[in-house]
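So that we are looking at the same thing, I have put the structure below in structure tokens.
Chain IDs A, B, C and D follow the sequence of writing; residue 1 opens each chain.
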Amino acid sequence: MKLSRNTLVFAFGLAIALFAGWFVFPRVLYVKQQQPLDFLHKTHAEKSGIAECSECHTLRDDGSFAGLPPMEKCAGCHSERIGESKAEAILVNDYIKPGHDTPWLVYSRQPANVWFSHAIHVKRAGLACTECHSTYGESDQVRIYQVNRISGYSRDIWGHSMSRLRRAPHEGMKMSDCEDCHQQHGVEVGCLGCHE
Amino acid sequence: MASAAFADSRWIARGAERVSLPRFLLWLAPWAALLALGVYAAGLCLYYGLNQTNMDNRFAFGLWIFLDLGIIALGAGAFFTGFLVYILKRAELRPILNSAVVLGFICYSGAVAILMIDVGQPLRAWFTFWHPNTHSMLTEVTFCISCYLLVLCLEYIPILLRNRQLRRLPSFLVFEHQLHKLVPVLAAVGTLLSFFHQGSLGGLYGVLRGRPFAYRAGFLIWPSTFFLFILSAIATGPSFLMLVTATVEKITGHRLVPQEVFRRLAFISGVLLAIYVAAKSVDTLIWLNITSPAEGFAPWQFYGYKPFGTPILFTEIGLFGLLPACLLTFRATASRRAWLLTAAAMACAGVLLNRFVMTVQTLALPTLPFDDFLQYTPSWQEVASFAGVIAYGVIVYSLSYRYLPLFAPLKGGDSHVSGD
Amino acid sequence: MSARYGMVIDLDRCTGCGSCMVACAAENNVPALPQATPRTGLTPILVRRVSNGRDGAERREGFIPIMCMHCEHDTPCVKVCPQQAVEVDKATGIVMQMPQRCLGCRYCMTACPYHARYFNWWDPAWPTGMEESLNPGVAVRMRGVVEKCNMCHARLHAAKEKAAAAGKREIDPVDYIPACVEACPTGAIHFGNLADTNDPVCKEARSPDAFRLLARLGTEPKLYYKSKEAWVRALAESSAPASEVQHG
Amino acid sequence: MKVTRRDLLVWSAGAAAGLMVTPVPWKILDDVSIWSQNWPWIPQPARGPVETKQSFCTLCPNGCGLKVRMAAGWPVGVAGMKTHPVTGGALCPLGFGAHQLNWHPQRLRNVQHRGQTSSWNNALAAFAKACSQGPVVVIDGFPGRAASQVLRGFADKRGGSYRVIANAETRVLAPYEAWSDVPASALGYDLENAQTIVSFGAPMLDGWGTPGRFARMWAERIAGMNDPALRLIQIESGLSRTAARAWKWIPVREGTESALASGLARVLLEQKLVPAHGPIPAATISEVAAQTGVTAEAISDLARSLVTQEPVLAIASDYDPAVAALNVVLGAVGARGGIVRRSQKAEAYLPAGAEIPNARAVLIDSSVPWTFAPQTEAEIFRFAAWDGGLLKADWLLPAPGFLEELTDVPTPPTAAVETYAVAPALTKSAADVRSAAQFLAALDAGVTSSEKVIHARCAELFHAHAGTLHAQQSIPLQKIVSVEKLEEQLWAGAVWVGEPLRSAGLHCELTKWPATARSAPRESWASVWTAPVLPPLASKLYIESNLREAPPRRNV
């Protein structure tokens, strides 16, 4: 009788902890943030016939990566409103007309002390964009950006799965993920190979 | 008057005579104040950073490291007594064992606390466990000291649980009993760990190829200082034990351990000290004549700067080494309490001086031809935070003495001399 | 592939102007510290004044820039760091300091015979707006960590990236020149690959006028000095001259 | 049923066990470690494209060529312009931190009237009023710029006077102006062709002339050599940087360099080491020896060694007619490797003394050294990019800072040939700033703008068809097809270098031997720095190391 009571109480504590840890904790740890407007990669790929990521996400002449396209790039087509969507209105009225860049929340933004060269990985190593960024380029909706309360970085760095078990290769952008890939390809770089 | 209100006699072991609570609190008050000051100073260093200290780029280690090495050496009495009692079965030393454990606990926890202030990014200190550099003596130190501190806690708990009130809880009693069976194992583990980190602390400086004053040739991966530090620590640990016990006896006015425990400790301490002095002398000669010339440094360069002349070397080896070794070993002097304690004090002074020379002189001396000899005086924050650790030690020891059976009660009338 | 970057500094050409120090600080986002002293400042490259110890008209003085010597063998700082915040890069031979890994124990500073390592005693700070003038290629170090010369690693990054973008494997040497080398008005600092026997720097390092500080410690520093003046070359060996020792 | 203490213990044991197999402890540990590795409060460099631009430093008259790295529209680093014909990529140590100056806490951000914040309109009104009431004196620090022409034009138009503050190197040239009819602004030092340079306390390696110009010659032709192709003899009381690195150092009693110059001249003339020249210095060798502390033998040895490797050029640290006279005696005036005339058309300037009599308004350009403090009843309008709390004026007017305005770079004071370059504005100013020239243009529509003058000068250069243009490669000017092309090149950082004059056209006659002057030793690069503040990173030299003595009265 007593023993069983103990077991019950123990199991109860266990259950509470497991629930809190696996279901409550992630929702508390990450804050959801909306992107400034609904940008649809899919639409741009299909309608405006943009085939390559590099058409908008360009490498500069010095090899550095320009990242997200500047406002001018968008203004190339969206100088005036195309279509009636809400996003369209926001883009044109809030950003293109006043002429400043859209404050996108970058899912894969790394800490300032990380040095990552797209040129080296794409040009020399010949990696496809999807190997790290998955098929986001074909997505027909803008994802919610989740920021970590403690570290202040995007959830994509850790990857969506809390356990990090059985995750896709593109999931997670932690140092260990870089190291794993480098190990697999036998590419050795020292600390300052990837840090500033 | 109010003393009746918070009489704590229920907590004090039966038959043990302790001063009244107010008087005890009176004794604690100044130490508590000192501790508070220390905590404040440490807070300053943690909040504003190490610019609160007088350390600088050349004097990157200062008072703290010196005193850390010092108290850790003195704290060696804990593991060594454990080693003697449980491994070498020297039962006659049992009466002093608990006190030794508490002392060890105080020294090590104090040292670790100071180290946490001493590093620039305390929150990253644990990285050492995650990305350890196995070639670094400091890694060895970090691992061993933290593990050994854990061991000391485990050794401390059973003593804690033997408190009159606590042992009334059945579950605690069981726990204590189980734990007690574990103590010999702990003693063995502690001994191993301690040997290593005492050595690594010596290695810390012995491996400094770039500091010819500290650099020593050695055996395998260990420079000679590795072994010298172990020797000096276990040689002076017992002396420190005697000093503390004697002081406590003086303060409380109780005779706490039988005289022959002292004599036994003195003999062990003396013999080991003699061995240490011999080894140290040989090492010094090798270093001065072979190691350092090979690096292009003539010995006179090390002792050309006041106040670090050759006298400091002879004081360390002769006055505070050989002399106390003799005094402690020979019955004639060792049986005289006054001589005994003087010698013990000298031995402790010797080990402190050695640690001082290794840490401070090493950094003060120039290496580049156009360097100059550097002075450094610790800031009040450095002194205060360390004084805080001393105070913490006194408080913990006083409480343990009052409420825990640190010393097995002696048979025969123990005279109650008044004093606080 | 693997290079051994090193320098040869022609001390006869050094006027002690300090351009290298300022250029280095600007390149590497080293903050200016009004509250610092010569003993607590941050000077990854530090020009020091040396003399032949004589007085009057006999006195000769010179200047000797001190920075991380990037020791090759048994590197003292690498060996002592408890958590692998320092390493010798296999590809370049550069001794790297990772401030984000560093816990600020300063053991490496006591290990370095050249005093080429510096501790961030204060929080890095710039007057309002001056953050705009920081070099985007270099992460700012925080209070409580050790830093030192990383051989202008940001410039190596840029060179690598440029090469990759151009589809080349090897960087173009002209793209990777450390700030101090670029800044020196008399061209006293020569930077190159010591592993490449055709590299002029490699040849210079073998010239009879070349020497290394405290070479007998056996740490194989990759920073060479050279001078035609005997009293300057005498600085290579040993510690303080007897004259200075007496009045210690 | 009631919960016992035991239940609580068991429950928490279970909870603890459970927690260990959830992400909670591990994830928190990981995040905390990331957080503790990138403290969010650490300043972060801006992201954005990095580009390299060429321009010129305008913080002293030497106008060094700059290679400026720009990120997100702000300069993030400066280096020397390797293609620059004079500096060859050198800068003074202070220049390397100049890109941070615009954010200096002492930056003058708004119009100050006697300590009160005021406005440009008030300043304009006040200045207009003052000008209408009496003569105006305009003071310029770097004469010969386009802006200088605007300032001078205004002064002439208003019947005021235009005066300049000459720097030490120009003051040194003053005696030759007096003894010939050639203005000092047309004279230069032909270091490149000299074989022996005897410097009377001039900081040849530490703040003299254009950075890099002499330093590189020294490095190539003197450093570490026993018998160098170029001898540098330093006559100075202390072991300055130059003295320490010179071929020979002659220690003399403080302030007696000038006396030694006369002594040397006397030896040269007495011992007929040089062709006879007019007057002979009064002081005998023994007197000079007693005065300078250099033995008579040493003096005559030195004198003889001077003429063993010619051409020889004597350089004073500041205005010192005796040293100039020594040059005359040595035949170094108007000769190759000596003091040469570099330009035919150069204007003489009225130097501005500390006293400025009978003026109603004094307008001080931002190029005037911060140390200049006029004694006058007139209302002072002073332009400055930085205040430093040291500038005394009725009106402090915020001027453009480093690389914030288009300006041109005329021939530096010491140059042996004419040069011309244009320094485009690379960055916008955080504050509402105006240059003195802009201020005057706003006041008087009749005043031209610097831009116009620069264009005019470019046209002039183009039509003269002389000299070469130094950019990535050197192009003779004849090869330039149009003014536009020339301007395009100049705006991109090219430097025009004129040809050396065929006929020296400089001749000095001494009537009587000049009195000796007592010139104070110079204090290194910081002394040519016009701004009252230094780049913050100068702390590396002055505070965080023992390399240099902190310059006096300057908030480093």
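Assume a contact is a pair of C-beta atoms (placed from the backbone, for glycine too) under 8 Å apart; a residue touches a chain by one contact, two chains touch by 3 or more.
All values derive from a computational prediction rather than experimental measurement.
A.B. asks: Name the chain pair with more contacting C-beta pairs, choosing from A-D and A-C.
C.D. replies: A-D
A.B. asks: Report the inter-centroid distance (CA atoms only) between chain A and chain D in whole Å.
C.D. replies: 50
A.B. asks: Hey, how far is the Cα centre of chain B from the one of chain C, in Å?
C.D. replies: It comes to 40 Å between the two C-alpha centres.
A.B. asks: Please list all residues of chain C that touch 2 or more other chains.
C.D. replies: Where chain C meets two or more other chains at a single residue, that happens at 37, 40-41, 48, 100-101, 123, 137-140, 142, 158.
A.B. asks: Which parts of chain B, given as residue numbers and ranges, touch two or more other chains?
C.D. replies: Within chain B, residues 121, 124, 127 contact more than one other chain.
A.B. asks: Could you list the positions in chain D whose residues touch two or more of the other chains?
C.D. replies: 32, 37-38, 42, 44-45, 47, 50
A.B. asks: With chains as vertices joined when they touch, what's the shape: line, ring, star, complete or other?
C.D. replies: Graph shape here is other: it fits none of the named patterns.
A.B. asks: Hey, which chains are touching each other here?
C.D. replies: A-C, A-D, B-C, B-D, C-D
A.B. asks: Could you please specify the touching residues of chain D with respect to chain C in the complex?
C.D. replies: Listed in rising order, the residues of chain D that touch chain C are 37-39, 41-48, 50, 69, 71-72, 74-80, 89-97, 99-100, 102-105, 205-206, 211-212, 215-216, 218-219, 223-225, 239, 241, 244-245, 249-251, 430, 525, 535-541, 543-548, 556.
A.B. asks: How about chain C: which of its residues touch chain B in the complex?
C.D. replies: Residues in contact with chain B: 35, 37, 39-41, 48, 50, 64, 66, 74, 76, 79-84, 101-107, 109-115, 117-123, 142-146, 213-214, 216-219, 234-235, 237-242, 244-246, 248.
A.B. asks: Which chain B residues qualify as touching chain C in the complex?
C.D. replies: 49-51, 55-61, 118-122, 124-125, 127-128, 130-133, 135-139, 142, 204, 207-212, 294-298, 300-301, 304-306, 362-363, 365-373
A.B. asks: Give the list of chain D residues in touch with chain B in this complex.
C.D. replies: 32-33, 36-37
A.B. asks: Under the definition above, what is the set of chain C residues touching chain A in their complex?
C.D. replies: 87, 89-92, 94, 96, 98-101, 137-140, 150, 153-154, 157-158, 160-167, 169
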